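Each remark here refers to the structure printed beneath this line.
To keep things simple, chains are lettered A, B, C and D as they appear, and every chain counts its residues starting from 1.
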Amino acid sequence: MKVSVIGATGYAGAELLRLIYGHPKAELAHITSESHAGDKISSVYPHLLGLCDNELESMEDIERIASDSDFIFIGLPAGHAMEIGRRLEDQPVRIIDLGADYRFDDTDVYEKWYKVRHTHKDAKRVYGLAELNREAIKTAKIIGNAGCYTTASILSLAPLVKAHLVDVKSIIVDAKSGVSGAGRSAKLANHFPELYDNFKAYGVATHRHTPEIEQALTNISGEDVLINFTPHLVPMSRGILATAYATLKDSVTAEAVDEAFERLYGDEYFVRLRGRGAYPETKYVRGSNFCDIGWHIDERTHRVIVLSAIDNLVKGAAGQAIQNFNIACGFDEKMGLDFTPVYP
Amino acid sequence: MKVSVIGATGYAGAELLRLIYGHPKAELAHITSESHAGDKISSVYPHLLGLCDNELESMEDIERIASDSDFIFIGLPAGHAMEIGRRLEDQPVRIIDLGADYRFDDTDVYEKWYKVRHTHKDAKRVYGLAELNREAIKTAKIIGNAGCYTTASILSLAPLVKAHLVDVKSIIVDAKSGVSGAGRSAKLANHFPELYDNFKAYGVATHRHTPEIEQALTNISGEDVLINFTPHLVPMSRGILATAYATLKDSVTAEAVDEAFERLYGDEYFVRLRGRGAYPETKYVRGSNFCDIGWHIDERTHRVIVLSAIDNLVKGAAGQAIQNFNIACGFDEKMGLDFTPVYP
Amino acid sequence: MKVSVIGATGYAGAELLRLIYGHPKAELAHITSESHAGDKISSVYPHLLGLCDNELESMEDIERIASDSDFIFIGLPAGHAMEIGRRLEDQPVRIIDLGADYRFDDTDVYEKWYKVRHTHKDAKRVYGLAELNREAIKTAKIIGNAGCYTTASILSLAPLVKAHLVDVKSIIVDAKSGVSGAGRSAKLANHFPELYDNFKAYGVATHRHTPEIEQALTNISGEDVLINFTPHLVPMSRGILATAYATLKDSVTAEAVDEAFERLYGDEYFVRLRGRGAYPETKYVRGSNFCDIGWHIDERTHRVIVLSAIDNLVKGAAGQAIQNFNIACGFDEKMGLDFTPVYP
Amino acid sequence: MKVSVIGATGYAGAELLRLIYGHPKAELAHITSESHAGDKISSVYPHLLGLCDNELESMEDIERIASDSDFIFIGLPAGHAMEIGRRLEDQPVRIIDLGADYRFDDTDVYEKWYKVRHTHKDAKRVYGLAELNREAIKTAKIIGNAGCYTTASILSLAPLVKAHLVDVKSIIVDAKSGVSGAGRSAKLANHFPELYDNFKAYGVATHRHTPEIEQALTNISGEDVLINFTPHLVPMSRGILATAYATLKDSVTAEAVDEAFERLYGDEYFVRLRGRGAYPETKYVRGSNFCDIGWHIDERTHRVIVLSAIDNLVKGAAGQAIQNFNIACGFDEKMGLDFTPVYP
């Protein structure tokens, strides 16, 4: 399959190039960047020297690029992918958007949280979290690849809300991410000496991943889920750990919780259940597409606490996109993703 | 005042030596270490070369050391300080214990969580969190210095529970600490390559700081507080950020929350209120005795989220001990602690 | 080919398991560890869960393991591999030792620097730095895989001494390594808070990689090379940067230096020449088998300064071992190593 | 003494504010910043909240600021201080410039390396490295505070060149710095994910600290010193380690080297000689004004290797400035600098 990457110079775009390089059935056709058009990608990302020396193009003539591609991956800031999606509506190319434009069933929710008017409301799109939406992904024209924090959060809680084990109004997700999640644009907040040996929260009660988590959990449970989501910045490059809290319904036992996880993920390759009492670490999954999950029951407070670890650039972005691509192509889901994490 | 440090080779002990060096009215009398008795402290902590070259003694003859000291600071693992406290009961020396032995009103709680029999149940002790217990500290024989996570957690929530603004059964504290909090003993879990570029939780539903937070908040509020407390390890040396969640009672306004913080801490030097909507960072307080606090109201979920940052070795250990020492001596509370954080 | 890993629980051993997992023609037969015999490797290295759950065996009956293997990789401390080599002398199995036992032509040099008696002096062995010794590796019974610092240092200087462009008595190598190079044994020196935000040198004038560099450069140049080698510890997990200094012979031009690098490495896949004036970074090669090289001429001092970057666990250990394995098997040299670095 | 800080929002400026806060005889008069004029410094550096809330002014009317100050410290990029120096020539205010404008005896050297025309060539200035130039500093109108790399490098080599123990053409300084040395301006090169877990060199054969080191060593030795200086960036916030190499003259003994260090620094408070065979670490001096030095003799190559560690923002910038200020005022040299490093 010929694939192109629109917005290839962000961290997620670069990670896509790493994964496409190792994918036996994906051939890179075009890569674009407005700010670096004309440059070789290996001058922007020197680690790719000799491996991917393609020239970056402008995406201005996206129709031409699309006509030469079976799939395009989009790694642009919110608001840009929907323009591309609209322009390519009638071309056979399929789209996997790593941004948020196509993640919401209800574009009003999108507009409210992203403060952008949605210009492609009737797009034929599906939500791209493979473990929960596999069937729909197979034939979708446009896949709205799930976000990084949201992937970790939703996978943590899906078994519990699906099995109606928890009070859906009690959910709190306290999440922590490495700095690559903030993108590659230099700014004081992400200047090395400012973050090194430092830890902080941001976006309390306002982070845009909140409604995405709520939408997915509401869809799974059939109940109206309302959560608190708090992101934090960890002084490291990659990795997300989500710590999710929920109050168990009265008679729910630890065994029922165990079963819920086993039932939903027992056959999933990329979800590694580490079990009750376990502590997944971000380093256990670094560089890989795995989501590792452990959970704990607090008898005193009757809460369940779920811990999940992903690599934000892989299962939280580029890896998930390739997984969706594999599903959409009818390939083995782990094609090109079947490698171990990089440790230490 | 002549002061001695029992267990001077842990990180909290070393930090005490830094603060005592800069304190105009504290004179270092004795320092002890069982594993390094006979060595100079500057051979164990080379940064002290030329500044503190005292010889480490054994604490075997603690009575002699105590007779030569006005105050002793104890930086030993749980279970050891109470032995010393008992032996020194009849000497005039006063004790500030940086461990947990003297933190609990109810020694049954201590025994349950620490799995150690308490051997000094009738000790004349007070809980050493200066901002909440100043009067009692002034004349105490034994001060059970508050823990690191607990200081950040209690200071975050005290205004809210004192003013009865939140449901005391809804409290969750998700806390994150630098690795110095785990002590100086080498072990695989804290081996550099294992933690670097890594993030993880530990002690879910079982961490010993849980009952200490509950005790303090119960005392302040008069209500029976039950919480979830989850610690995490941040790949950095120093600093704690606590993210605390609580459900506001029905009619509580944002202004009422603001007032509660202002009322309790408006005159406190070491608590810096950064206000509603603010994001304290651990680097804002590094090396200093400050606790910086910001808070957020989520209208959607009717929860309050409080963020507090301390340096775990200063306000969370040695600095708080010096603050308590100043109070106990009748000195200006910030004597020897009146310096800026070290940034970046 | 059936391969076994003796001493699989060190970092180099674990990295071998990562690379073997991705190698299309290597099948893992046995893995050993004396301290963890009976455990699954994925309990020692949790990132391998579901990917490599083999049980660790003792190496006591090495003959049986060897009889079931085409190749064995040895990742043991100095002094242990030679015992194994001797015991397996008459078996057809071939050996790739990641330690130092088989790196020296002259075992007296080994004994002097390693303070260990060599017990397999007449071993049929070759030095395993692929770019410089490819022919000999093809048929070797025992391959003494080059060390980490030495790989970076030798590859930096080989073109210059081979072409007789520099004074071989003027060479200084100032090298910097991530902490994984120090192994996985917990000790105070590598305890997280001790190294984080810290930088130091060690082993000045005494590091064991010194004679290995001298041997290789002497062999290449035919001149008696004597160097200073200084290792430093960088607060990061992986990566080596070597900064090598040498005085150019009188009339040597910058172009002659350029040509020397081009001549020796122009056709090498794993050596990426970044050119004169370039600054390779360890992140450019992280997780990969590349050695990136840049060089600079100082007209004022008439010195050449060479910078080379490798991943100490890949090109400096496990990756080089796989590269040697490929050569020894007659496979494509980059089989199982043809992936991009992991960035950022 | 009333002191003002011109360019207070760089890292060195902020560090000056920390030290001035703790100095018993310095009173902060004015602080300036062109980009943040009108803001409180504590909004730019939140760690200073409540400690230093002064308003930043423009330096436009520098004469007025100077007339209200006994000393001004300048923390501006190269080329700006000399303008200020010229304008204040006839005012009694004394100047300590943390930049390079006043460091060079020969302004041609400055112009060649800094590519800026010098506009105050006849300034009455002295070089501000206290240990080597104390007498001249006492009465100087303008003090050109020594640079960060240069301080570590010069202090390492001064005893050797002063005693004529080494070949002055053989000197190589391989130096490593934390990222705060690169300033607070956000740019891709210093973006957190780019530097974290990464190591690189820069400025080979071209770094501007080269001629400053050569000038100082030439002045001390009376011989024409020519060196190689190579800076590297360590993924940490603070600290410099310099590794200096020099060839010993024929009959020079290890004892002669020891004596040279002892003779020059035996009475210096801020130079801590750790002795022959020692390994200073940057963490031994973090946050303090110390320069820790260890040295090694390699009998094989007849070279001496000197290791020195400083905090680049203290002894390499603001601390040295305060030390010079103390000397210039006739105060005890360690006034306001008499505290321990911050460890870990």
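Observations on the model:
Just so we're on the same page, a residue touches a chain if its C-beta (ideal position, glycine included) is under 8 Å from a C-beta of that chain, and two chains touch if they have at least 3 such contacts.
Note that the structure is predicted; figures quoted are calculated from it, not measured.
The greater number of contacting C-beta pairs, out of the two interfaces B-C and C-D, is seen for C-D. Among the remaining chains, D is positioned farthest from chain A, on the basis of C-alpha centroids.
Look at where the CA atoms of chain B average out and do the same for chain D: the two points lie 36 Å apart.
Centre to centre, using the average C-alpha position, chain C and chain D are separated by 38 Å.
Here the CA centre of chain B is 46 Å from the CA centre of chain C. Contact of a single residue of chain A with at least two other chains is seen at positions 11, 178, 180, 193-194, 196-197, 235-238, 281, 283, 286, 344. Shown here, the protein chains touch in all possible pairs.
Chain C contributes residues 169, 172, 174, 176, 178, 193-194, 196-202, 204-205, 226-228, 230, 232, 234-239, 241, 243, 245, 279-283, 286, 296-301, 303, 305, 307, 309, 344 to its touches with chain D in the complex. Interface residues of chain A, counted against chain C in their complex, comprise 11, 14, 17-18, 21-22, 45-52, 180, 196-197, 237-238, 269, 272, 274, 281, 283-288, 292, 339-344. Taken together, the chain B residues at the contact with chain C in this complex read 11, 178-180, 184-188, 190-197, 235-237.
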